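Letters A, B, C and D mark the chains in the order given here, with residues in each chain numbered from 1 onward.
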């Protein structure tokens, strides 16, 4: 059961959320077998906040494209994890996770599991009901991927829903009370509860430590391997688990690091070195070519400062702090690896320590 | 004639453009002698674009504060170079350039010259008239600073004016025709012409190579040592020249680098090393403490890509590309030096190659 | 050949650009016959500027929905005129233009013609080549609609393309030179050239009066019946002509007015009265119910003032002036008609006098 | 004790928050006596949200200008009510409230009272402690103005503080707990508590009906005469009370209306008529000339709709809903009165019914 994580044609060929020409070309050339696609991660051009419709547009466009090859049912089963916001020089791109049988070196190697959960009632969002639903989903995804030891899991991507004025209205019309009425804030709470679901599933935190009151507040609780993005186009969760498993083979490997703050790049440098991509300064051209994906979370530090120096991200009413943080942390990480087609996702509530965040690296072994 | 570049209290103590308490405290404690202040560089909290009033507010507040110590006339002679836009985790802060007699080690050391030019007629903005006015100003500033060889100049900061709807209207009312009617675009043209003025003054480009048609278009023409910021509060230019001169002493030194693109941090690492701040990864705490200022220019690469990967900065109608670029490049440079109280200024027209920009570093010698 | 302009279910049921449930319900209930649909006008949730993908998302979603009923070929022939930007309290909504045979009162009545043009070469955008292509398209649309006298035409909607960094690059790669390299500015030039195409087609301006140099500059040239919107998802033009024709029947009628500035609502009040919707103050509930569509153009007055009082729209680098103008003019018109599900489209270059714009009203006759 | 509400030179002469030339010219020409100035209301160019420094810049500039005439102490006693946000075509302008002895017609006439409160502890913001402080301030301002019957009060303007990351940090450092940690949200809570303070002071609501839990939530509680703006530059409140008093004379009168929603302009038309400015459509030139000030509050209706049609203001993460609402309601009111130099202030929590807001009109009697 060997996996592959293909990348379609170079990301500058993608001209919008609906441009699937790179994927089509890779399929036409036989570089990607659409029947083996498990998940597609993407950075899309929107604002990454409540009214970002580029995620849904990309998902609709990818689903239509795959349906032409593998039919609508199997196309719908793929996990489309579209993270909005390509601030700064971050490049819009897709990363395709594909499973191919009978190929590659022997394991352990990158293993991929994925799960769709049921729709989440609006009143569970940002509460323990969401934590539990996500934790159960991860256990199922690990089982599917043949990952038995939580220590072998290096990254869990959760795409989670958010509240809109309408969803709040519907919930309140049936007598339910949502955790928050601010729609932008609901994204943060949803990401936070999902991430605590990861922490519980991976044994980083005891389930009983997670209460409704702690979600979004007790920032000492976090997962070092969770990545959560909220999107208006979802009602339930899409979960993708990445780990190392002897049941898989191939030349791909994954590792992870935790940044302590927005400029803490040295742990990422160390993770790169563990995967054979060690470098004193920026990665050289050869090493860059072996980097398959860098997946990171970013947030404005809630105390308003980085290493004692004030930042203005939380006081800016023109640009959401998530956009600021994505642009800045993408700059720090792109300066490290020498590439801008990286995946930096905003809002790192309970994902790494306050102001920091988890980073996963997937690389081709030498 | 030994110079000093003092930094007042840590930048997280500045709570807004009008917060001069850090400067006041440094004066009260005797760490800064207000009568020696030549220039104050600042990053302020606004959008760095046309309607950024934080630059003017900061300048008004600093001028008022200094006038209480040295009188309104001498306070007005100080060069206040306020660059708007602290995107990402960049910290609002001031850097005070002060000249003190009879102190410090023997030279060569950091030398500082400054000049205010006359108001620029609106119709000269973005044209050779502006280039010539700036070049003449630099020659005068070098003379003042005792800098005779252009090769000893490492950075020239030019604060230049922009066009507003009203200034355009006034120019047109007297029959003049401005180079551009788009006010945001006028900032770019003004920065571009100012930077070509630097290139001409430092001998990087022959004066006859600079034509009206080339300004803002022929990006092969650039200075590797210019930094220009446009501000609505100015009608003329404020020029500050930084270089190394044997006529100055003290423990401060300056050097520079040119980034070829938004993530080209290795030349900056080399400049740091030349100043005694060499490091394989991020600067350690000791080296950080000796870094006095990092002054950089950033811009979205006009070809829409970084190392072949598409960016979306130029197609984003919600956030100006200058804001994107500042956030991203500040991330790359802060990841290198481990500090966020750096000065990254947007809009690098004719400042370094397209998509890249000059960087100056001032450090305390060991 | 009697026409109908149906409106699907109330606009507050539309939750996003991809929500076609209102249209589906109207089809299911027999209120709309999908085979008669000529055009769908929509206001979508995006920023209405370069990176507004909600227009393309809505068009893709509507096309998919109609294809399920009438097949992909006929679905593709419908004119989808999606105008981005529902600033202020403007409601996202669709207006469906449908032609039904053998129904309704005798004419003259609302007549609708539509045309798709060929793709426009990037270097023609904003130049006379675009003017000519649009004028030819209108003549064809009038012919189709049985409109022979230009005086019977009350509104011409043109959806036109814009330049992106990539399209500029492609044009320049083959040696062509585009009229403007600023992508946001290209929207204005495209709208301007399209509107002058309307003016030429309707005999408002002599063809020889329109030169490349006049487009975007000579604001004395304008059409009182043009409405142009630019969208990144188009390469050619989509043209819809609305007029009164004896060849059509039904109870719908159209008229138009020209606002002289952003608050000049009295001409619109007069047009409403001519259609039987006269009122001293705001329309009462009965009159509101007979208003089928209000289609207007808005722009920031280029001289920076309204009736002598300065506005800040053109100096705001945080919010595009088109967004400001849509919000403000939508407020003025909604205050007049008592409804917020109106169509106010931004960027009125050569559409009405500078700072003003054309307005069309479609009403059910009593 | 006759009052005057002078307006300095036409607002299009104000080019920025620091442009006091119009006020200076009015003083120089003897049209305004600086020693009689009680308050200056202004609309400034910023975003009207947390990081809007134009309010502070305008206040600092006005204070400096007045200090040159009446000394720093009396200049500091003037109430500067700067409301940020001139969205749409709203014109930046000042309105000067001045008291002159021995002039004008006999009363009752416009009466003005003003008060500065002590700094508000951060943990009182948005709670009953703030309500009580504001109510006490109003009682004092009424007493000063000779207003004894609350029914004679037509408008109470309260400028109130907000929380910043730093103020929250300071409060938490001394063990206090603030009502909200989101700085933008703190503006709404502060406006809400201040407005309930007005309602209590004017007898619109019984004091015991206002609890911490009701503030910001129970929208059935509101004042029909309150207007509150939050600004980062304040630590306490500035309160200005406008009413009709027999103790005052002069030709100015004030009345008020309550808009039920964002397009409910008819009550304002009625208030204009009560002041002698009746008109079927838009005010004509003569009536416009007698309108001295229109002061209104605007907000996005919290249920996400206006008269059943959905709006997108609360789901927009690019533009704050307060900016949308100001632009739109300013359009509706400017369409009514035919002028754009009106004062529409965002955030109408507990000011009028949800989605609506109070409006005051000051006019010169015929």
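To be clear about the criterion, a residue touches a chain if its C-beta (ideal position, glycine included) is under 8 Å from a C-beta of that chain, and two chains touch if they have at least 3 such contacts.
Heads up on the chains, UniProt names are A, B, C, D = Cyanuric acid amidohydrolase.
Being a predicted model, the structure only gives us computed values, none of them experimental.
Undergrad: Shared interface numbers for chain A (Cyanuric acid amidohydrolase) and chain D (Cyanuric acid amidohydrolase) above half of all numbers used, same, or below, different?
TA: Chain A (Cyanuric acid amidohydrolase) and chain D (Cyanuric acid amidohydrolase) contact each other through largely matching residue numbers.
Undergrad: With centres defined by CA atoms only, which chain is the most remote from chain D (Cyanuric acid amidohydrolase)?
TA: Measuring from the centre of chain D (Cyanuric acid amidohydrolase), the most distant chain centre belongs to A.
Undergrad: Based only on mean CA positions, could you tell me how far chain B (Cyanuric acid amidohydrolase) sits from chain D (Cyanuric acid amidohydrolase) in angstrom?
TA: Measuring from centre to centre gives 39 Å for this pair.
Undergrad: Mind checking the centre-to-centre distance between chain B (Cyanuric acid amidohydrolase) and chain C (Cyanuric acid amidohydrolase)? Centres are C-alpha means, answer in whole Å.
TA: Result: the chain centres lie 45 Å from each other.
Undergrad: Would you pick out the residues of chain D (Cyanuric acid amidohydrolase) that each touch at least 2 other chains?
TA: 15, 45, 47, 51, 164, 166, 310, 312, 315, 318
Undergrad: Can you name the residues of chain C (Cyanuric acid amidohydrolase) that touch chain B (Cyanuric acid amidohydrolase) in the complex?
TA: Per the stated touch rule, the residues are 47, 49-52, 164-166, 169, 182-185, 303-304, 310, 312, 314-318, 320.
Undergrad: State the interface residues of chain C (Cyanuric acid amidohydrolase) toward chain A (Cyanuric acid amidohydrolase) in the complex, per the touch definition above.
TA: Counting only chain C (Cyanuric acid amidohydrolase), the residues touching chain A (Cyanuric acid amidohydrolase) are 15-18, 45-46, 51, 53-54, 56-57, 60-61, 64, 164, 166, 232-233, 318.
Undergrad: What residues of chain B (Cyanuric acid amidohydrolase) sit close enough to touch chain A (Cyanuric acid amidohydrolase) in their complex?
TA: Residue list for chain B (Cyanuric acid amidohydrolase) touching chain A (Cyanuric acid amidohydrolase): 10-15, 45, 47, 86-93, 262-263, 265-266, 269, 280-282, 300-301, 304-313, 315, 318-319, 323-325, 327-336, 338-341.
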